[in-house]
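After the structure tokens below, expect a handful of questions from me.
A, B, C and D are the chain letters, set down in written order, and residue numbers restart from 1 in every chain.
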Amino acid sequence: MTLTIPQNTDVTARKMHELYRFLHAHPELSMQESATADFIATRLDALGLETFRCGGTGVVGVLRNGAGPTIGFRADTDGLPIAEETGLAYASVARGTLADGTDVPAMHGCGHDTHMAVALTAAEHLVDNRADWAGTLVFIFQPGEETGAGARAMVEDGLWDRAPHPEIIYGQHVWPGLAGTIDISSGVAMAMADSWKVTVHGRQAHGSQPDQSIDPIVLGAHMVVRLQTVVAREVHPMKSAVVTVGTFHGGLKENIIPATAEFTINMRTFDLGVRTRVLDSVRRIIAAEAQASAAPEPTIEVLSTFPRCYNDPAATEKLIAALSHSLGEDAIFEVPPVMGSEDFGLLAEAIGVPSVYWMFGGYSQQSIDSVDSVAGNHSPHFAPDPEPALAAGLTAALTAILSKVGTTGGAA
Amino acid sequence: MTLTIPQNTDVTARKMHELYRFLHAHPELSMQESATADFIATRLDALGLETFRCGGTGVVGVLRNGAGPTIGFRADTDGLPIAEETGLAYASVARGTLADGTDVPAMHGCGHDTHMAVALTAAEHLVDNRADWAGTLVFIFQPGEETGAGARAMVEDGLWDRAPHPEIIYGQHVWPGLAGTIDISSGVAMAMADSWKVTVHGRQAHGSQPDQSIDPIVLGAHMVVRLQTVVAREVHPMKSAVVTVGTFHGGLKENIIPATAEFTINMRTFDLGVRTRVLDSVRRIIAAEAQASAAPEPTIEVLSTFPRCYNDPAATEKLIAALSHSLGEDAIFEVPPVMGSEDFGLLAEAIGVPSVYWMFGGYSQQSIDSVDSVAGNHSPHFAPDPEPALAAGLTAALTAILSKVGTTGGAA
Amino acid sequence: MTLTIPQNTDVTARKMHELYRFLHAHPELSMQESATADFIATRLDALGLETFRCGGTGVVGVLRNGAGPTIGFRADTDGLPIAEETGLAYASVARGTLADGTDVPAMHGCGHDTHMAVALTAAEHLVDNRADWAGTLVFIFQPGEETGAGARAMVEDGLWDRAPHPEIIYGQHVWPGLAGTIDISSGVAMAMADSWKVTVHGRQAHGSQPDQSIDPIVLGAHMVVRLQTVVAREVHPMKSAVVTVGTFHGGLKENIIPATAEFTINMRTFDLGVRTRVLDSVRRIIAAEAQASAAPEPTIEVLSTFPRCYNDPAATEKLIAALSHSLGEDAIFEVPPVMGSEDFGLLAEAIGVPSVYWMFGGYSQQSIDSVDSVAGNHSPHFAPDPEPALAAGLTAALTAILSKVGTTGGAA
Amino acid sequence: MTLTIPQNTDVTARKMHELYRFLHAHPELSMQESATADFIATRLDALGLETFRCGGTGVVGVLRNGAGPTIGFRADTDGLPIAEETGLAYASVARGTLADGTDVPAMHGCGHDTHMAVALTAAEHLVDNRADWAGTLVFIFQPGEETGAGARAMVEDGLWDRAPHPEIIYGQHVWPGLAGTIDISSGVAMAMADSWKVTVHGRQAHGSQPDQSIDPIVLGAHMVVRLQTVVAREVHPMKSAVVTVGTFHGGLKENIIPATAEFTINMRTFDLGVRTRVLDSVRRIIAAEAQASAAPEPTIEVLSTFPRCYNDPAATEKLIAALSHSLGEDAIFEVPPVMGSEDFGLLAEAIGVPSVYWMFGGYSQQSIDSVDSVAGNHSPHFAPDPEPALAAGLTAALTAILSKVGTTGGAA
């Protein structure tokens, strides 16, 4: 690529910081990012991109610039129900409403504000420098990443019927590493995650009459215990899986055996075969344990399904080369996959094209040195240092895009 | 006894019904029976009894009538946090406040209104007919029976430092049987009940990082499972015990392993040795299971302790004879003990005197025949038929008292 | 009755002791009591009874003596695979062969030798004193009590097609109480007992490959744990049940997950409804837990079924009166049922007639005082004192029989 | 290296096959390899090596050949208690005696005969061609690999006090892959394995008296169930561990609660930190569950401890280069570690030098094509094809040794 990537000191960087501060101060909860979507669409329109809304609060901007490859770039847009405690001048005082009607504080506690600021800035820079590249770019501003609902919503709302199909899609995420560094995995990058809510149906009785009851707490406890065998005995010891029962709720009074109990399960896997086995086994155990209690079949509600986040190895290798060139060889770390989850992978899977996803550091060396451990994603104290973080994020984004559409034909 | 027990048709009965309807319409929650206590004390004072307050909202009335035995009679006074659905003209619309500040509806859903109406009426009748008996009567209007707190509160507040010590204490409870019948057990009458709240302390972590956590839901589930062995393997097969985990609550989100989980246990036994073994074993299992998880010692909070309700066999035999005389031999049923609980027994235990407790039926034959099953205690539909229920309750109460202080010297 | 019951000092008693010592020295294992059966039949034939073999090694002797009631009396005949350690001059050195071919020592470790000696002596005494009674006696020498197989074998082999039907059947058992005393229950006397062998079918794999296995040890352990809920949560707290897993065997090597595991269950109940619930629930849990492991349905083999031992209350009341007369009022103890089991009850159940069963003490006061605790049934040291034990057993047997056929018409 | 590696057709190969057939026909069980040791020592002595016995049935042969590196090469020598079913002309009919005195058949069912034949042939070839290399070779013929006892026994018997310390130790194992191919891992190559026998101490009682017992079967079952949480919740999801309970034995009769139960655990890990956590957690759970039953501390006996088998990455890289040269690049497969275990690693660990271990294929393409799946190690049918297997094993052994001591200075 020959296009110069903007530096922190120039106008582009200052505008990016303004964008960031505004977005940080105005978080919206998953699948409710209406104002955010308006803000993004307005700016993309102003830049001259073709835009459309998709999946409710999703926004797509297509930037056509002559013959050349079509490339996708995704930024996620939602905040979290967290009360911000960063003490920043532009800290959020926004609130949102949960699905059950609860009014809660909102915060960009996972750094999606940095993703949007970088993507909008990259788009502007590429518009400003059309001469230096050729091809078509599809900017995907995806809502609802935190709940695993957004990518699916966009795909199901016809994303790929309306946008040109890219040959590859890139995405990135800020995390509490050193700004300027990139963590990237080849192959599987993040775990699949499936969450279910299980309602155990028993029969209510007074606490002194267990024989009149079907005790859903005893039954649920046996389910939780039995589920431990899935990871311990059913998954290949060299493969990874987690089955977490994150919540268990039943009963109102100590001397009443309740009619029902509810628990939620979060299942994480890297391998499709392992996922199938884990989900099948969990379902089988829940059904069988209910039978052991002569209880009705429990109700299972799927809460969310995060797909695999798989980095195409060939594309990853090329991207690592490009990033090593732009950020320095010592700044790029090839790492094993993480058990965390993302719905990014679904966008590319839907049309069978490769994708690559990486993490970029958010904290300056000074911040890292000043405390035992900097605040991580989802913490009320999560506050990346904008100067180095946004610059590095922008460099990584432009490097990835230009590695494909730069005038040198994609070579780093 | 020679004193005539009043009938439904006379003035005494009509006044008793008025008392009942007023009390039914004005329930107060356990240990908050202030207006009820005032109402009772006012009436006892008007009858000329020596009264004093005790245990917060408890009221004691002493009726002295010459030389003779001292006899105790207890009526409990508290309502329940239930929204009444009886449709009665005098149904409760009262509300109360739970310990945690929640505003809730209140209802005399366990029939303590009948107990008070009967006891007040018995006192008045005995005042009106002093010539027909001799001795001292101690009427104990006890608060907080539902929570097991009231009898203890009165004893600890010096009940027996202030009231003359009876040689026996009687108590009765309305239940959904045929009005006019009495169910009574010799020896153990009701179970001891101990309730605990257990807080399991774990270590919070993301759902994908079980190795960073001490999972309190998995730990709590193992506790619930392991507790089953107490009744199954540690209690003599021919003795009775129930260990019910009535509530289990932990976790807010499916992908977060929480820091704590809480459950409550209700333990019922008839035998002091069995109670000791059960409580010791439950405590031992909870501590050991925490150790198995390398978790801190769980916190155990005693929620309530219902003592044994033991009917002195000799006194019970005499009372059965007296009741057979006044209500008819066919109306008295000697029954095995029930797993339900009461704190009545504590009043007599505190001074080492015998006590006898019985159930009197609350429904007319017509009511019983009209539905598959009449509403039981603690149901929002619980509505004894006042005419036959109160009459029989009054007869039983007076029979018991007069069997001791009647002019014939206690013979039925 | 007017017949004199023989005393220890006379010829009858001496002959009874000889019988006892011979039988004690020649025990045979359950359902293999061939020599014992020959010995009994020879003696009954010599006494002039009509005899027949039934159920393999069972012997029946019918003694007809004019018009009058028909009464059954049962004595069991089998020994146990125990190496006797009593040090008695007539201690057993016999051996037997178990079903699996193992050669084992044999001992009358449960006192069935006393039962036979008493029954044979009673028969002889009644033959010798025909003038003092009238009716028909059916002496049933039943094999295989220890395995629960003998009563069933006799009934299925046509016992009641060949013997006259008694109006009542009596039976008794020696136990380590004071000789001269009787323990007897009205109604249910002993528990029903059902024993099963469960074979859990898994899939073998190397210990490092749990995902290739269906682990029958993990599955069996979950079954054992889950079975605890049957007694803890499914049986009425005031009813009795025991579910014991007495054996669990699986695996040959620590690093091989075996193909199967086996365990045996012993289930005891007093109440037919409770028995049905327990057996159904155990079967349900075993099937469901196998499903939870995706394992094949386990194989359940019934090892033995001991029926209820129920003492007809009216007949028991009459017998207690008779025994109080012959042994003294202070010698008769009415006791609650015991969790132990017997197949005696099946004999009467098969023809719908009442039966009564009692325990007679086996030890002298001197023996009881000389040690902390005398040896109980099934101990290698079990050694009742023959003089007082046999005398009291004979008195009890004759008292029971003569209470029905004595010339005074059955009154004690 | 310049030394020519012998081919199947020459004299060296024929002698190797004779050695192999003899050793195959004369297997001895672990730590009882006396005749095998004599056979090896005699041959090494004849070749002029300095030999000594070590660790009972271990043999060490030192071959000094001037200045140069010191290199170790290990072959294991023990057979297995398996009845050979290969049908080979030289199949074993040998027998051995287990630790408990049982007489069992013996078979070289894991291919240690090939290891010895190759090592002896390599020694002879290197003696015959002293001119082509320089340095010192330490041939370690190690007993007792199958039980994990042999390497420890040699080290504890002063192996490294008597033998010169090599700078690296090589070892190899035949497995059911294609002869001529090598499977090798860099870094961790095989799992650590720890096996324990746990004796659960309860209290015996009749099956009808659970309250008199401490039920070791119920307790042991809870231990097995609770142990599932170690892998499921305590090990990092991306690290590997297996906890297998391979055997569980308790009880003799369904109606007796036994005094004890025994189970064995096999624990496999790759990572020292994970091993520590797993072993600590298993020990903690066993102790805590016993406390939950008020049982005495269970007895834990260590059955075996297999160390980590770690291939030094730098040495492995060099060896792969050398093997690629001698066997062909396509014949060398770098593979992930396996959950199986070996005690080879202990030899080098004891003196802190690197080691490398690899698998060589044992079956010809023809054998592999002729069946669905060739017999694996520990199968009674395990029968590598000697011609290709021994040739490739010899080539690999000489390649490894000469890569260090060959005249070209160790370069492949």
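One rule holds for everything that comes next: a residue touches a chain if its C-beta (ideal position, glycine included) is under 8 Å from a C-beta of that chain, and two chains touch if they have at least 3 such contacts.
From a predicted model like this one, the values you see are computed outputs, not experimental measurements.
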Return the chain pair with more inter-chain C-beta contacts, choosing between C-D and B-C. C-D
Dist(centroid_CA(chain A), centroid_CA(chain C)) in Å evaluates to 71
Chain centres from averaged Cα atoms put chain A and chain D apart, in whole Å, by 46
With chain centres taken as the means of their Cα atoms, state the distance from chain C to chain D in Å. 56
I'd like to verify one number: the distance from the centre of chain B to the centre of chain C, where each centre is the average of its C-alpha atoms, in whole angstrom. 46
Chain D: which residues touch two or more other chains? 208-210, 215, 218, 222, 225, 228-229, 232-233, 237, 242, 268, 339
What is the shape of the graph in which nodes denote protein chains and edges denote touching chain pairs (line, ring, star, complete, other)? complete
Using the touch definition up top, name the residues of chain D that touch chain C in the complex. 191, 193, 195-197, 206-210, 215, 217-218, 220-222, 224-225, 228, 242, 244-258, 261, 263-266, 268, 303, 338-341
Residue positions on chain C within touch of chain A in the complex are 208-211, 213, 215, 218, 222, 225-226, 229, 232-237, 277, 281, 284-285, 287-289, 291-294
Touching residues on chain A, where the partner in the complex is chain D: 225, 228-233, 237-238, 240-243, 268, 336-337, 339
